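After this come two complexes, each holding chain A, first together with chain B and then together with chain C.
After this line comes the complex of A and B, so read on.
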């Protein structure tokens, strides 16, 4: 089938960008969306033009590298599907598709469709872990965990850190990403010791990175390729309020908060 | 000539590692901050090692080419991780896990290493659980297990079909904590392109920053490579697109021996190839073989009949027929080869590609009848969804179609018992080394080995090395560092300046076809000799006709790919050479000339019970072979029998 692509091209973080039109003639319905971009890039190289830069790696929907805004939707039209798992059988001959990078202040564009998501790493660094030294763990079966709690923790832990939640949010908020990690660790007994410190530090870092606030649009959940629920944001907010009560330490951002 | 000293302790098997730990030197806590360690790669082995070394107080520089350490390809491992916990009370033990791994590897691995792996496997589960990794649990709240290929006990811990993701996020969190604490400095989007060796010791690496294009030297007191395997030499594989062998290959060119390069694992359960533009293959976890039954039609004329319409008596459940005691759970190499055999016989299913139908059914009908959709969904739901997204078919209703694909490489840089390569101070961990899986890796053992190396082996053995060297003494202005930076820059400029007419991917596909056809599931002298004639010719064409657009100064993904492919050409040639030299069948390495009467791999222990270590002597030059003979004191090599 024939597809017309309108792709965002931007030379660097400080350059102006624009949409560039490319017509593809022989798109197979069995191709993935990224394989279509591969074909286009092969052609661009042969024509001595720069290929379109985009992040991708596993192409199995788990590494979280791919980050395409397709016709204004993070990861495209298919529910719970990353761009790399989107197949062209969902499009029809003659379709025009607009491809852009994530549009989030805290994810500056690096080049074309590639953005810098290191802000997510800094949020995890601020407290998204359980402090346990290698070798100091007790036997894994010493503390049974209710299956229902463990399953809820798992649901939150499946976040792939792609950033679709922030890209889909009108406020460019990272609440779903941050809440998923906070919930995962707050739902298991191992995570209790640092629970309230963790939520304070991670929320402070999220704010320092320049992400917006959550105003309950729930676009994040709709865009999340792993279907992570906004209930996790409620859990984060509840823990955050409790943290303000149970701890007397003044709330402050970690020293390495974003510039 | 380098002498291969494997430094394996002797004495009773079960106390070797403990005694070795006592014999190793320690670095005083207040001295650790004087040492700098480079860790390349942030998968399970790299992240675990960097986090643990940071905790211990060493200064760690960690590198990955991805935009975040959390995206290393360990993230994609699905099925599970083995550990000899015996929580199921079904007869498991450290010795049994050791035995299964040695046997599964078709007696081509080192007993001491494998025993240590089985021994520390139990610590990994404790560690990961303490980090908050949400392993599957039973209703009573205790950890659940499942069984996996090549074993008759249930020792596999799992987190739905995302075990690798959850374990990697655990290691990533531990790493993040150390980055936050200032013990580890993280360098994402930074790719290692060469190794710096000063006075016989690995002292640093040269990297290219993938966004700025800047080439830079980094100096340390020791270097750890945890850079994964080389499955992408086949072009189509289950590896991530970025997975590459450049770090390992560059170290090989600097003097690290490459061991058993022909031992590459073809995984039996992957989604078949659908067309020309296919960029990668997707694995369907081996755990599916627990509840899915593999079959093909008995008669080729049923190839186009909808599977639901084929009666039981017209189905050939060939694994259950050939291997009654292991059935669908035979090791990967056997399951793959048998799938190839039935397709070669003309009984495959799915579309014909190149005149052959390359697919077999993996059917859940009986399990769904027995357990119900809910339970099957709970075990494999995300895999079924993934399958449906890619193929458009619903596995709850119709059987999956699967075919083998390249998945893992058992070969890798040679290491001694301390995980040190033939270059002093260069350590290699995880899939990048050759150490524990012999000629075939059992399912759920890759995660175990990566984490064992990173959390529980390297932190000791690296300390032992550092204790005998004086910290510092060189910096990135050292003449050798500048020389290597110059060589790397020159090579990048060369790649950019060829200005031919063929794209990097076109070359990669051509190489992949050559390797898959001649050094894939079945190998022969004739085919390997053909590949050894053709690969150098394609490589020469690569260096004359490569086309890359853009510049080397900033982000240029075509340039990144070209550099990796250039190394795959050299590695692919070595693989074929090793496969030709190993004139026996062993595990994954199936030489058509050497089969038993039943069609299984026939080893030749008299002549080939060794690790083949190759020393680099120059591009296009015959590499030098060094043999490490394998001794079996505790398990007597036998013909593997899964009947």
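After this line comes the complex of A and C, so read on.
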């Protein structure tokens, strides 16, 4: 089938970008969206033109590398599906598709469709861990966990950190990502010791990175390829407001963004 | 704060803290809107009931001014923090999308930034209309001792009623998203009660709109005269 792509091209972080039109003549419905871009890139290389830069790794929907805004929807039109798992059979002959990078200040464009998501790494580094002695592993069933809580923790832990939540948010807020990373530790016994310090540190870092604030539009939940619920954001808010009361430790200032 | 410094976080330091203050002041203003509506609905009980109620509000000046200060303070915090939060979000996406679809947000949630300032303008107009009449609204003449008469004269002008009608629709939208959003912001979410939390804002917002609109409509249709 014929597909017309309008792809964002930007030479570097500080260059001006624009949409570039490419017509593809025989796109197979069995191709994934990224395979279609591969075919286009092969053609561009043969024509001695610069190929389109885009992030990808596992192509199985689990690594969180792909980050395409396809026709105004993060990861494209399929619900709970990453761009790499989106197949061209969902399109019809003659469709025009606009492809853009995530538009978030804290995710600066590196080139074309590739954005730098290190801000997420810095939020994790601020507190998204538990401090335990490494070495011999403890028995996995030593600490009893309520089944309902372990399920909720696992749901939160399925976050692949792709950034679709912040990309889809009208405020470019990273609340769903940060809330998921706070929740999957706040719900299990191992995460309790640092629970209220963690939430303060991670929220402070999220703000320092320049993300917007949450106004409860729920666009993040709808865009999330893992279907992570906004109830995690309520949990983050609850823990954070509680932390302001119960946590007496002064807080180290957040890492400078983009150091 | 610069890196390395250590100090405690305050409500003012983070977006979540500010948002919580917006939610709490929203609750105060929400409470006022409901009390104001219930008080005004006494217009259906006749001139004496409404005028006596109006007089009782002014009975203890200390209480009256304490309530006014709480409301004014809430309005100030609600607006100041919201303006700061909107500035943060505007800065968070310097380059917009060429194409962007809304999947889950509602008309009410997307228009909060618009309905807010419009409601402020309406509140000022409403105060000028009934509390400190400096503007001549149609054939309106103000009598501080006769609130009932003020209501009847005030709403006998159709274009004034039209302004109130539009304002109530804006209020309904603002209250609907605000009521849903404030529970989420304050972290009040539980699977057992989330269905109530989704339904109640719609019913309460609709109730306020219909309750408030019943007054000008009753005057226009000469049910109240």
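Assume the second predicted complex is superposed on the first by the 247 of 259 C-alpha atoms of A that agree within 3 Å, B and C clash if a C-alpha of one lies under 4 Å from a C-alpha of the other, contacts with A are read in each partner's own complex, and residues count from 1 in each chain.
Just so it is clear, contacts are C-beta pairs under 8 Å (C-beta built on N, C-alpha and C of every residue); 3 or more make two chains touch, one makes a residue touch a chain.
The structure displayed is predicted, hence computed values, not measured ones.
S.K.: Check the residue A:157 against both partner chains and state whether it touches chain B (first), chain C (second), both, or neither.
M.R.: first
S.K.: Tell me the contact category for A:196 with respect to chain B and chain C: first, second, both or neither.
M.R.: Neither partner.
S.K.: After lining up the shared chain so the two structures overlap, which partner does A:129 touch, if you call chain B first and chain C second: first, second, both or neither?
M.R.: first
S.K.: Once chain A of both complexes is superposed, is A:35 in touch with chain B (first), chain C (second), both, or neither?
M.R.: Touch status of A:35: first partner only.
S.K.: Just chain B (first), just chain C (second), both, or neither: which does A:223 touch?
M.R.: Touch status of A:223: second partner only.
S.K.: So in the superposed three-chain picture, is A:91 touching just chain B, just chain C, both, or none of them (first/second/both/neither)?
M.R.: neither
S.K.: More residues of chain A are touched by which chain, chain B or chain C?
M.R.: The partner that reaches more residues of chain A in the superposed model: B.
S.K.: Considering each complex separately, which residues of chain A are in contact with chain B in the first and with chain C in the second?
M.R.: Looking at chain A, the two contact sets intersect at 254, 256.
S.K.: Inside the complex, what are the residues of chain C that reach chain A?
M.R.: 1-11, 13-20, 85, 88-106, 109-110, 112, 177, 180-181, 183-189, 191, 194
S.K.: Could you list, by residue number, the parts of chain A that touch chain C in their complex?
M.R.: It is residues 8, 19, 69, 71-73, 98, 100, 103-106, 168, 170-173, 200, 203-204, 207, 210-219, 221-223, 230-231, 233-241, 244, 248, 250-256 of chain A that touch chain C.
S.K.: Report the residues of chain B in contact with chain A in the complex, numbered from low to high.
M.R.: 48, 51-52, 55, 66-71, 73, 75-76, 85, 87, 123, 125-132, 134-143, 159-160, 162, 165-166, 169, 172-174, 176-177, 179-180, 186, 188, 211, 240-242, 274-275, 277-280, 282-283, 385-386, 389-390, 392, 455-456, 459, 501, 503, 505-506, 547-550, 554-558
S.K.: Where on chain A does chain B make contact in their complex?
M.R.: Contacts found on chain A: 12, 28, 30-32, 34-36, 38-39, 41-42, 44-51, 53, 55-65, 78, 80-81, 85, 87, 89, 110-111, 114, 116-118, 120-121, 124-141, 144-147, 150-151, 153-154, 157-158, 160-161, 184-185, 188, 190-191, 254, 256.
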